[in-house]
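Across the two complexes that follow, chain A remains constant while its partner is chain B and subsequently chain C.
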Partner chain A sequence: MSTIRVRSPASYWLAVPAAAWMLGVVVVPIVLLVWVSFWGGRTFSTTSPLTFDNYARFFANQTYVKLAMSTVVHTATLMAVTGVLGYCIAYFLTMKVRSPIWRMALFLAFIVPFWTSTLIRAIAWIPFLGVNGVINQTLMFVGVTQSPIEAFLYSRTGITMAQVSLYTMMAAGPVVYMLNSIAPALREAAMTLKAPPLVVFWRIVFPLTLPGVVIGQVLVFLNVMSDFATVATIGGNKHALLSNLVLLFYEGSQIRAASVVAVLLMICMLIGVVAALRVVDIRRLGADR
Partner chain B sequence: MDTLAQPSRVDEAVAPVLARPQLDLELRGIRKRYGDFTAVDGISLKVAKGQFVCLLGPSGCGKTTTLRCVAGLEEPDDGGVLIGGKEVTRNPPWQRDIAMMFQDFALFPHMTVAKQVAFGLEMLKKPKAEIAKRVHEVLTSFEIAVLADRKPASLSGGQRQRVALARAMITEPRILLLDEPIGALDYSLRETVMLELKLLQQRTGISFIWVTHDQNEAFSLGDLVVVMNHAHIEQQGTPEEILQRPATAFVAGFVQGNNVFRGRVVEVTAGLAKVATAAGSFLVSVGPSPPLAGDEVSFSVRAERITDIVSDRHLNVLSARCTAVEYFGSVRRHIFERADGEVLKYDQFGAHAARIAVGQRSTLGWQPEDSVLHTGRVE
Partner chain C sequence: MIGWKSRLRLTGWLLGTLTVIFLIYQWLPIFTLGLLSFSGPTGGTTFPMNGTSLHWYEEVWRATVMNDFKPPLLRSTLLAAACAVTTIVLSTMAAQAMRGRFRGNGWFFYLMLLGIMAPGILVGFGFAIMMRLLGVELSWDTTTFLVQVSWTLPFGFLTMLAVFNRFDTRVEEAALTLGASRLTTFRRITLPLIVPGVIGAGLFGFSLSYDEYPRSMFTIGPDATLPLAVMAQLDRQITPEIYAIGTMTTLFSLIAVTLCTFGLWAMRRSTSLRRA
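Right after this comes the complex of A and B.
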């Protein structure tokens, strides 16, 4: 038993450093951001009148609205692809690889690329996807195509490919954890109750890993929504998502417009997380076991 | 037809057994190795219809692996498994007429009690209405109907045990496999649950194969007790046979209340063998195939066959010092130090006889026919 009681005054002091940090770097900036997004008038100062003009201007522009929609579609695609791929990898690693040495080796091979920064990994895709890149060279060598396919780099396909490789790990990790926490006896019990393997998976394994799937999806969702680096690097200047728009406005010193997009982006993320929490209560993760 | 709720089926179940004896389970020399470790080494076993079989042995003796081979959760390297006369050695668990109860019950954490119990019937593709009706009947007969909407996390150990049993029994399998099914229960609950399970087994006529390391369970429940050690069967028989006539030194030593002696046969005369042991020489009655002089043998004497009121009939006597007295209610067990350093157990029933105090030296005796010469394989 801890000698510190959960709600004793002393225990609150423990939370002070973290709370001060969060207040300074999260809460205050967000409040400022929201505030700025409502600033109207000509001058850029704290005395500006508060209006909805900035938002109205954003939604009046069809290009921006389409961009917002395509961000949502793109993110949903990424979630679906990484979700399926991540689950398969997680299932293979935990259920099919029997030898602990092999499992560790494969797991390392799987996570080693993540020891470098997101930006470096994004840039590393360029020689891979380019017109004279590895993929095209290989395809031409094998004879699948005569001339290089230009659809890989500076395209939506290329962005998707790069992001799938970046974020599949996030979808797989929580599933690995959940799969490991399923007692083998549960699957065996289902089998002795006449359930063939597919039914065991669908009725027992999948429902028990669902919280892991949802957490993975939330991670992918949040990261893809906010990932401007990969889109900028691999999409060139031909493709953009909401997060790139923030950057664009910021670089053009259109701080109010940047704030509007940032706030909209945050609202999208909040809706996504709340929806995920309604499916699975992440806070009660593992409480059934 | 509800075999779980209607006791009347017993008569129907017994009749065909007499007319057409059929084995619910037959194991033909099954073997299972994990690398260098042999878990099961040539187990052969026949289980008649509706028999209650207990696989008894210390941990690591292969009893659970044997059970898992029957369930299809392990595939034996060698040998055959027949369920109801049908060869199923290579069949997966979902193609065998069995159900299994796991040690920690293996309840599905995400399903309510009603869902768990319905699972087996859903797998058999029964109509929805029939499933609902059967689940209600079974939950009622196991007295867990009030728990129908609860999840396993909120159940007590005893309740989980009932749910696991109901989940396994609802499919009316030919054989129910139970892996230490009451090991996870509080001690005070076990006796009640054991009796209930025995009655349930008799009422349904389903064969039970019960794995345990607890001999009280095995002897009070089993029609047939199979004692296992080091991946093979040491002895199989009724509880009486195993308690009264242990076949090997291991069985005698494993079963409570036996005093085991090892030694060499000095001479064999008129149904008696004289065995020289480190604790002295003793006369042991021998059966139709007596050992030869010079044979290494072991024999055992049950603690309650020994007396401290020695007469002429007690050809075997032994003087020893009492080191401890254990009181079990109906029995008072005295522990003596033998000359060979092992202990000698002597049980006294009731309170009438003279007590032997700790530290006291006594002369103990038994008749040659009180001891059993072990005829099974020698380790």
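Right after this comes the complex of A and C.
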């Protein structure tokens, strides 16, 4: 017994406002995007004939196809870097730090920046990356180079460096959760049976944390694919990924071209999420093992 | 050949070093931003600082026609407050509804998750097109508000679900057995107990809305919010003034997180005392 009766009409009506809001603001606009991307003709109206011309035009342009490729490569790079880094940090925080206070302090130091503005954190990289930036000043002071390297600000390297600091937490968070749910008895049993530490890790711990790894990778993937703000802040207008192209077309009032890119972005994301779900059954995560 | 015990210790040290290096890597830009915001009037966007002063904070305060951050700041704050209140009401209702396990609650849950998964650029762009087709004028207090709530609401919903998961239903049962109506029980018993969680959901909504960029960008209309004003200024010229705003925003978020953590901690403490 509780303040709400199971399967009562009241429970249904309480959910209606939130459901209507999400349907109207998230689902309908995304379906609309797909529809608009097929619109032909000159006018922007619902009576436009449907064609594949917008897509044909996109794929006919080598620059755009190359951009799509480099977006995929860039995203894969970030997934690899944040994945490895995030796993190491998650493993250290949950398995190696014994004192609860230290663990809490390190964990907070790790996740707190996540709560501040991503845009501001991206901007915070500007004083580091410029020609006279902190990194170049340090390199010249140490004597690694004589003249400043121009490879940081307005470059792919700079974007990657900033995004690694922004998104490693997303790769690590789910792994921390999975590591915490492993019963210590499992590892002890394996150790008692004389398995060396590396085998224990590879055969016991890692498979059990795999769902966490996959979910972290999905989060990084989705965020990097759609993060045009960091690319614009650090890459200037020299570098662009698919998401920046949406913005570029939108600002140029090429709505149909923008929606083509948006739909392609959406397809990439769907493929990524579906592939991840084939590895991990997300609905079984909460269930007891 | 070293024994496995010392090898374990070695891995611990290696991973620990990596973690510390990453933490420095993560925090250093934030501290640098804070430090540089206090540079002198001739200070540039990087070191050397050319003296220390509050010049750039004064600059933020002293508005010019071209860059005045106060109206966007006011708009962002009002918008975030509105999102927080809406998130609180709707997410509490939705989480209470989930307790009733209504038909289709699985779909409802995935619908809310979709709000978190769907990238802001797609939602914002799609919504802007929809408004254009419907002939609705874009404005920060209507269209941007609608879109931002679709982003803050799912987070509030997950928070409230977690709160109700830890909730001891026996106190409700006691009140109902003693003849209180469901509405009275909710108002007098349930609500006071979940208040820290509700505040957490509200702070979540506030900070997510306050920092939101992509969703606002497509749906904003003529008057910008703070992140948009910062981005516009970044396009024109980078001065330590942006660093000053960034520092203030970051401090603001940090205070909100601290309050949020403290609220949840207080709630856990009060519920565990009751169980004992």
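Throughout what follows, the second predicted complex is superposed on the first by the 275 of 289 C-alpha atoms of A that agree within 3 Å, B and C clash if a C-alpha of one lies under 4 Å from a C-alpha of the other, contacts with A are read in each partner's own complex, and residues count from 1 in each chain.
Here is the rule we go by: a residue touches a chain if its C-beta (ideal position, glycine included) is under 8 Å from a C-beta of that chain, and two chains touch if they have at least 3 such contacts.
The structure displayed is predicted, hence computed values, not measured ones.
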- prompt: Would chain B and chain C fit next to each other on chain A once aligned, or clash?
  reply: fit
- prompt: When the two structures are overlaid on chain A, which partner does A:L23 contact: first (chain B), second (chain C), both, or neither?
  reply: second
Query: Which partner does A:P207 reach: the first (chain B), the second (chain C), both, or neither?
result: first
Message: A:A109 in the overlay: touching chain B, chain C, both, or neither? Say first, second, both or neither.
response: second
Query: Is A:L265 contacted by the first partner chain B, the second partner chain C, both or neither?
result: second
- prompt: Is chain A touched at more residues by chain B or by chain C?
  reply: C
Message: Looking at A:V274 after the superposition, I want to know if it touches chain B, chain C, both of them or none. Which is it: first, second, both, neither?
response: neither
Query: Touch check for A:P196: first (chain B), second (chain C), both, or neither?
result: both
- prompt: Which of the two partners, first being chain B and second being chain C, lies in contact with A:E188: first, second, both, or neither?
  reply: first
Message: Touch test for A:V134: chain B only (first), chain C only (second), both, or neither?
response: second
Statement: For chain B relative to chain C post-fit, closest CA-CA distance rounded to the angstrom comes to 7
Statement: Overlap of the chain B and chain C interfaces on chain A comprises residues 196
Query: Which of the residues in chain B come into contact with chain A in the complex?
result: 71-73, 92-94, 96, 98-100, 102-104, 106-110, 119-120, 123-124, 151-153, 167-168, 171, 177
Chain A - residues contacting chain B, complex: 183, 185-186, 188-196, 199, 203-204, 207-208, 287-289
Message: Residue numbers of chain C touching chain A in their complex, please.
response: 4, 7-8, 11-12, 15-16, 18-19, 22-23, 25-30, 32-33, 36, 44-47, 90-91, 93-94, 96-103, 105, 108, 111-112, 114-115, 117-123, 125-130, 132-133, 146-147, 149-150, 153-154, 157, 169, 172-173, 176-177, 182, 185-186, 189-190, 207, 210-211, 213-214, 217-218, 227, 230-231, 234, 238, 242-243, 246, 249-250, 253-254, 256-257
Message: Per the contact definition, I'd like the list of chain A residues that touch chain C in the complex.
response: 1-8, 10-15, 17-19, 21-30, 32-33, 36, 44-46, 85, 88-89, 91-93, 96, 106, 109-110, 112-113, 115-121, 123-128, 130, 132-134, 137, 164-165, 168, 196-197, 222-223, 225-226, 228-229, 232-233, 243, 246-247, 250, 255, 258-259, 262, 265-266, 269, 273
